[in-house]
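I'd like to ask you about the structure that follows.
A, B, C and D are the chain letters, set down in written order, and residue numbers restart from 1 in every chain.
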Amino acid sequence: MDSESLLKYVQEEYSERIIGGEMVKGVPVFEVKPEKWVSLCGMLRDDSDTMMHSVSNYTAVDYREKHGGFKLVITIFSHILNHRLTLETLLPAKDDEIPEIETLATVWPTTIWFEREHAELFGIEFINHPDPRHLMLDDDWDEGYPMRRGWTGTDFVVKPDK
Amino acid sequence: MGIISKLPAYMETIPGGGILTTTTEKLLNLSRASSLWYMLFGLACCAIEGLMATGASRYDFDRFGMIFRASPRQSDLMIVAGTLTHKMGKRLKVLYDQMPDPKYVIAMGGCANNGGPFYYDCYSVMKGVDKIVPVDIYIPGCPPRPESVLEACIQLQEKVKKEKMGKWSASTE
Amino acid sequence: MLELRPIFDAIGEFLNSILPEFWVTIVSAFGTGAIILGVASVFVLFFVWWERKVSAHMQQRYGPMRTGWHGWLQTIADGVKLLQKEDLIPRDADKLVYLFAPVVCFVAAFLAYVTIPFGEGLIVQDLNIGILYIIAITTFTVVSLLMAGWASHNKWSLLGGMRSAAQIISYEVPLSLSLIGVIMIAETLSMVSIVVQQEGWFWNWYVFRQPLGFIVYYIAATAEANRTPFDIPEAEQELVAGYNVEYSGMKWAMFFFAEYINMLTISAIAVTLFFGGWHAPAPFLDFIPSWIWFVGKCLLSVFVLMWFRWTYPRVRVDQLMAFAWKFMLPLAFVNIILTGFGIYLF
Amino acid sequence: MSVKQLRTEEMLINMGPQHPSTHGVCKLVIKMDGEEVKYIQPHVGFLHRSIEKIAENRNYPQFVPYTDRIDYCASMNANHAYVVAAEKLGDVEIPERAEYLRVIMAELNRIASHLVWLATFTIDLGAVTPFLYAFREREDILDLFEMTCGQRLTYNYMTIGGVGWDIPKEFEPKLRQFLKIFPSRIDDYEDLLTNNPIFLHRTKGVGVLPKETAYEYSVSGPSLRGSGVKWDIRKAEPYSIYDKFDFDIPIGTEGDAWDRYKVRLQELRESAKIVEQAIDGLPGGDFKKKVPLTWKPPEGEVFCRIEAPRGEMAYHIISDGTPKPYRMKIRTASFCNLQVLPIIGVNHMIADLVAIFGSLDIILPEVDR
C-alpha cells in the first residue's frame, strides 16, 4: 500500500482510536488516544491490510513545555507490504510528574528494551512491563531522569564555559 | 610478589654486592620489559585500533613480546581502550585488583585520558581512567593510531627498564 | 661418532670407580633426573618460541623480534618475568589443592620420560611394560587439571576442569587401543625392542603396517594434549582461560610448561612406535647420530601439531565426545581386527 | 549410589562484562545445566555514553563526529545515516559527485565492517588465523580512507551538504587494484572456512532464528536476511542513489549461524560490485555544498533509515528551528538484534552461545549509544 492510501485506510478503519492523521515528509503520522494506544497497535499488527509486524523505532520526547507532557512516537513497518507509518501519543505530565501508560510489550516484544530505556531516562512508567529494571544506567542510579529537558544533573556533568 | 624480586635486597647485604644488585636488577627489569602481556580491556572504538589492528599483521604487537591474556591473573599490563563509564568503572577496579603485581596501565585514547569527546554534557562517562586506577602511560588521539600504541609500549618498556626494585615491592606491601 | 651413549657409559664407570655402589645409584638417579629436566626444559623453551614464530609466519607476521636475535630470548624473558610476579591465591580457594595442582601436572608430564628412548641406548629405564607405563602416567594430568579447576573456586575453571576430565578420559580409550596394533605386531611392550624391530629402510617403520592405528593415535593424542582443535578445557573465547583462570606467575607457568612437555611426549611416542625411533630412514644415513634422528622426527611431529592449531577452529564439547566414542573407538577396534587378520594370514 | 541420589543444580554464571567473546562490554547472566545454557539475560549499558543527550547540546554539523563513535566498525555508514536524515529535515540538495563518493565510502566501510565481523566470528570459533587474513584486507580499505580523510577509524567524512574532502588522485588506481584482488581474497576465506568440516559442524543448525521471531524483535540486516527475508533498505526504500546500482540481496534459508555467515560473505562480493559501478560512474563537479555551522533547519521532525552493515540504522530528529536539535533518537540495529539472543541462544552449549553471539554481529556501542 502506498502512503496516501495507507493514510486514508487507517483514518477510515480506526477513526475512533485516533485523534488526527497527516502526511509528514511522505509518511503517515497519526495522533493516538493514550488509552487506545496498545489496542490500536495490536490491531495494526494483526490487520491483514497493514501487517505492521515490526518496529523500526520507538522514542519518547519531552514536550512538557510545548504540549504539557511526554510524547511517545513509534514507527512501525511491514516487511511484506513495504510500508510504514508513525503513531504518536501524548502523556500529560507537569514538572516532576511520572506519567503512566500500558506497555507495548504484549504487541511487539522488541519494545521491552525501548521501554526500559524510556522509563529510566525519561521517567515514564509502563504498566505491566515484564522486565522493569534499568537498562542503560547503573542499578543504584538515583540522580533523576537525565534525558528530561532542563535536567541539570549531578556533579559529574560538565558544562562548557560560554 | 615473586621470590626472585627480593633477590636484589638480599644481595645488597653481601659485602660488595652492590654491583651484583644493579646487574640483577637490570636483568630482571629487562625481562619484565620484554614480556608485557596485556589484558584485553576493549571498551569502545580504541579496542579495534589498539588491540585488534595493533595485534594484526601490519603492526604486530607480538614483535615486542606482547601477547594477550584473557585472564587478569596472567597479565602484566592493562590497556584501557575506550570510553569508561561509571557503570563499568567499578568493574575495571575489580579487574585491576585481580592482576598480580607488578602491573601497569595504559590509558588509550581521549576517552580513557579524560573523557574525550564525552567530556561535556555527558552524564554517564567517567572523566578519565586515572580517577580510579593509577595510569603509567597516556596515549592521546581519538582513536590513536596503532603506531602510537606501539610507541606507548616502547615508552612503557623504557620506564620498566629504569625501575628500582625496591620501589614497587615497597609500594604494595 | 657423536653418539652420546659412550659418554654416559664413561661417566658411569668413573662414578663406579670412586663411589660405593649405593651412592652410584643415588647419584645416577639424580643425575638422569636433572638431565631429563634440563633437556625437556630446553625443548619447552624452544617450542614456545617456535610456536610463536610458526604461528606468526603463518599469519603473515614476524612474531617476537626484539628480544635477542629474532626473539630467541623471548621465552626466557617470559620465564624470568613470571618468577617475579606476585604469588596470588584467591581468598576462597582450597589452598592445599590449589598449590599442589600445578606440581602434580608438572610431575606427571615428566614421568613419561622414564621410558622414552632418545637415542640408541639413551633411555632412563627400559621397562618391559614401557607402553603401558606411559599410557598410565600421562593420564595423571587429568587429576591435576581437575584439582586446579576445583580448587580455584571459580565457575569458569570448574567448567574447564570438568571438560578436561571428560575429554582426556574419553580419548584415553581410543589412544590405548590404537597402540595395541603395534604391540600385536611387535609382541613386546618394551620401547627399545619396538624401536629395534623397525631397523633398516624406512618401510620397516610401523606406520606403514599400522596406518590406521597411527591416525587414531595422533588424533587422540592431540586431544590428550589439549591442543586445538581439541583445546576445549581452556577455550579462551568460551571459558576465558579454563582451569588455569585463577593461576598466576610460576604456578601458571608450570601448567604451561606441562602442556608443551606433553606435546613433546606425544610426538616422542609417535616417533618411537610408528616412525622407527632413533633409526635413520635409510641405512646409509646411519652416520648421523641416532639422537639427532630422534629429535628431528619429534620436531617435525610437533610442527604438525602447531600447524593443526593455527588452521582449525575448535570443536564443540559434545562433538568432541561423539567423535571419540562413535568414530575413533570403532576405528581403533577395526584396526585391531585387521591387524589380527594380518598376523594370522602372513 | 543410584542416579536419583546424584543431586544436580543449575549453575549461574556471569559472562562478562569483561570476557573475550562478548565483543566489548556486555554482560550475559546465564544459567547452565552442565554445558547447556538454559537461560540468558543480557545486561547492557556498560558503554552508555549519553550521545542522545549530547546531541541536544550540539549544532547539527557539530554532531557528525559523534555519529562515528556510535558504530566504530562502520563509521561511514553511521555518518551517512545522520547526514541523510539531516538533509531530509532541511531539504538540502547535494551535488551528485558527493552522492557517489558517499556510496563508495559507505560500501567500502561495509566491506571493512564485515571483515571485522569475519575476524571476530572465526576467533570465537577458535580459529585464529582467518582473523589476521581478514585484517590484512581491512588495512587496504583503511589506507584508502586514510588518504581521503586522514583518519583510520572515525572519519567525520560526510558532512551535511556533501562530503568533507574530495578524493586524492591516487585514490582511484589504488581502489581499482583493491577491487581486482579482493574477490580472490574472499575465495581464500571460503577455502579456509566454508568447506572446513569443523566449521560446518559448529555453525550448521546453530542458533536458528525463525522468520517470525525476527519480525517480532525487529531484527534487521544480514541477520534477518539469513532467515530468508529479502529485505534491504537499499532496495526497499532507496536512499541516496542506491537505485542507480545493480546488485543482489543475498538471503539464507534456515536462519542458522551458517546462513548468516554465508549472507555476509556474499554481501562482501555485492558491495565490491557496487563500489566498482560507483567508481566507473563517478561524475565530476562539486563535492560539497556549504552549510554554515549554525545551520538552522525548519521546525519539524524527520525519521530516516538506512541499511548499515549490521542492519537498519535510523535517526529520528526533531527540530524546533534552533541550530540545535530538540531531540534526537538513534535507532541502531544491534539494539534490536541483541534482544533475540536470549530466545535463540537457549538450549545450546556454551560454545554455541559464543558462536551465536558472534554470528549476530553485535557491536556494543550501538546497543548502548
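Please note the rule applied: a residue touches a chain if its C-beta (ideal position, glycine included) is under 8 Å from a C-beta of that chain, and two chains touch if they have at least 3 such contacts.
Being a predicted model, the structure only gives us computed values, none of them experimental.
Peer 1: Can you name the chains that touch subunit A as well as subunit B?
Peer 2: The common neighbours are D.
Peer 1: Among all other chains, pick the one whose mean CA position is farthest from the mean CA position of subunit B.
Peer 2: The chain farthest from subunit B, judged by C-alpha centres, is A.
Peer 1: Quick check: more C-beta contact pairs in B-D or A-D?
Peer 2: B-D
Peer 1: Which chain is in the middle, if each chain's centre is the mean of its C-alpha atoms?
Peer 2: D
Peer 1: Distance from the CA centroid of subunit B to that of subunit D, rounded to the nearest Å?
Peer 2: 31
Peer 1: Go ahead and note the Å separation of the Cα centroids belonging to subunit A and subunit D.
Peer 2: 25
Peer 1: If you average the Cα atoms of subunit A and of subunit C to get two centres, how far apart are those centres in Å?
Peer 2: Measuring from centre to centre gives 63 Å for this pair.
Peer 1: Starting from the mean Cα coordinates of subunit B and subunit C, work out the distance between those two points in Å.
Peer 2: It comes to 35 Å between the two C-alpha centres.
Peer 1: When you check subunit C against every other chain, which residues touch at least two of them?
Peer 2: 59-61, 236, 240
Peer 1: Listing for subunit A: what residues touch at least two other chains?
Peer 2: Within subunit A, the residues that touch at least two other chains are 136-138, 146.
Peer 1: Give me the residue numbers in subunit D that touch at least two other chains, ranges are fine.
Peer 2: 19-20, 45, 48, 50, 53, 56, 132, 136
Peer 1: Chain touch graph shape: choose line, ring, star, complete or other and state it.
Peer 2: Drawn as a graph, the chains match no named shape, so other.
Peer 1: Mind listing each pair of touching chains for me?
Peer 2: A-B, A-D, B-C, B-D, C-D
Peer 1: Tell me, which parts of subunit A touch subunit B in their complex?
Peer 2: 136-138, 143, 146, 153-154, 156-160
Peer 1: Using the touch definition from the top, list the residues of subunit D that touch subunit B in their complex.
Peer 2: It is residues 17-20, 24-25, 45-50, 53-54, 56-57, 65-66, 68-69, 72-73, 116, 119, 131-132, 135-136, 138-139, 142, 152-154, 364-365 of subunit D that touch subunit B.
Peer 1: For the complex, give me every residue of subunit B touching subunit D.
Peer 2: Touch residues, subunit B against subunit D: 40-45, 47-49, 52-53, 56-58, 70, 82-83, 85, 87-88, 91, 95, 117-118, 120-125, 142-143, 145.
Peer 1: Provide the residue numbers of subunit A that touch subunit D in the complex, in ascending order.
Peer 2: Subunit A reaches subunit D through residues 24-25, 27, 53-57, 59, 61-62, 73, 75, 79, 82, 86, 108-110, 112-113, 134-138, 146-147, 149.
Peer 1: For the complex, give me every residue of subunit C touching subunit D.
Peer 2: Within the complex, subunit C contacts subunit D at residues 55, 58-61, 155-156, 159, 163, 228-229, 231-232, 235-240, 310-319.
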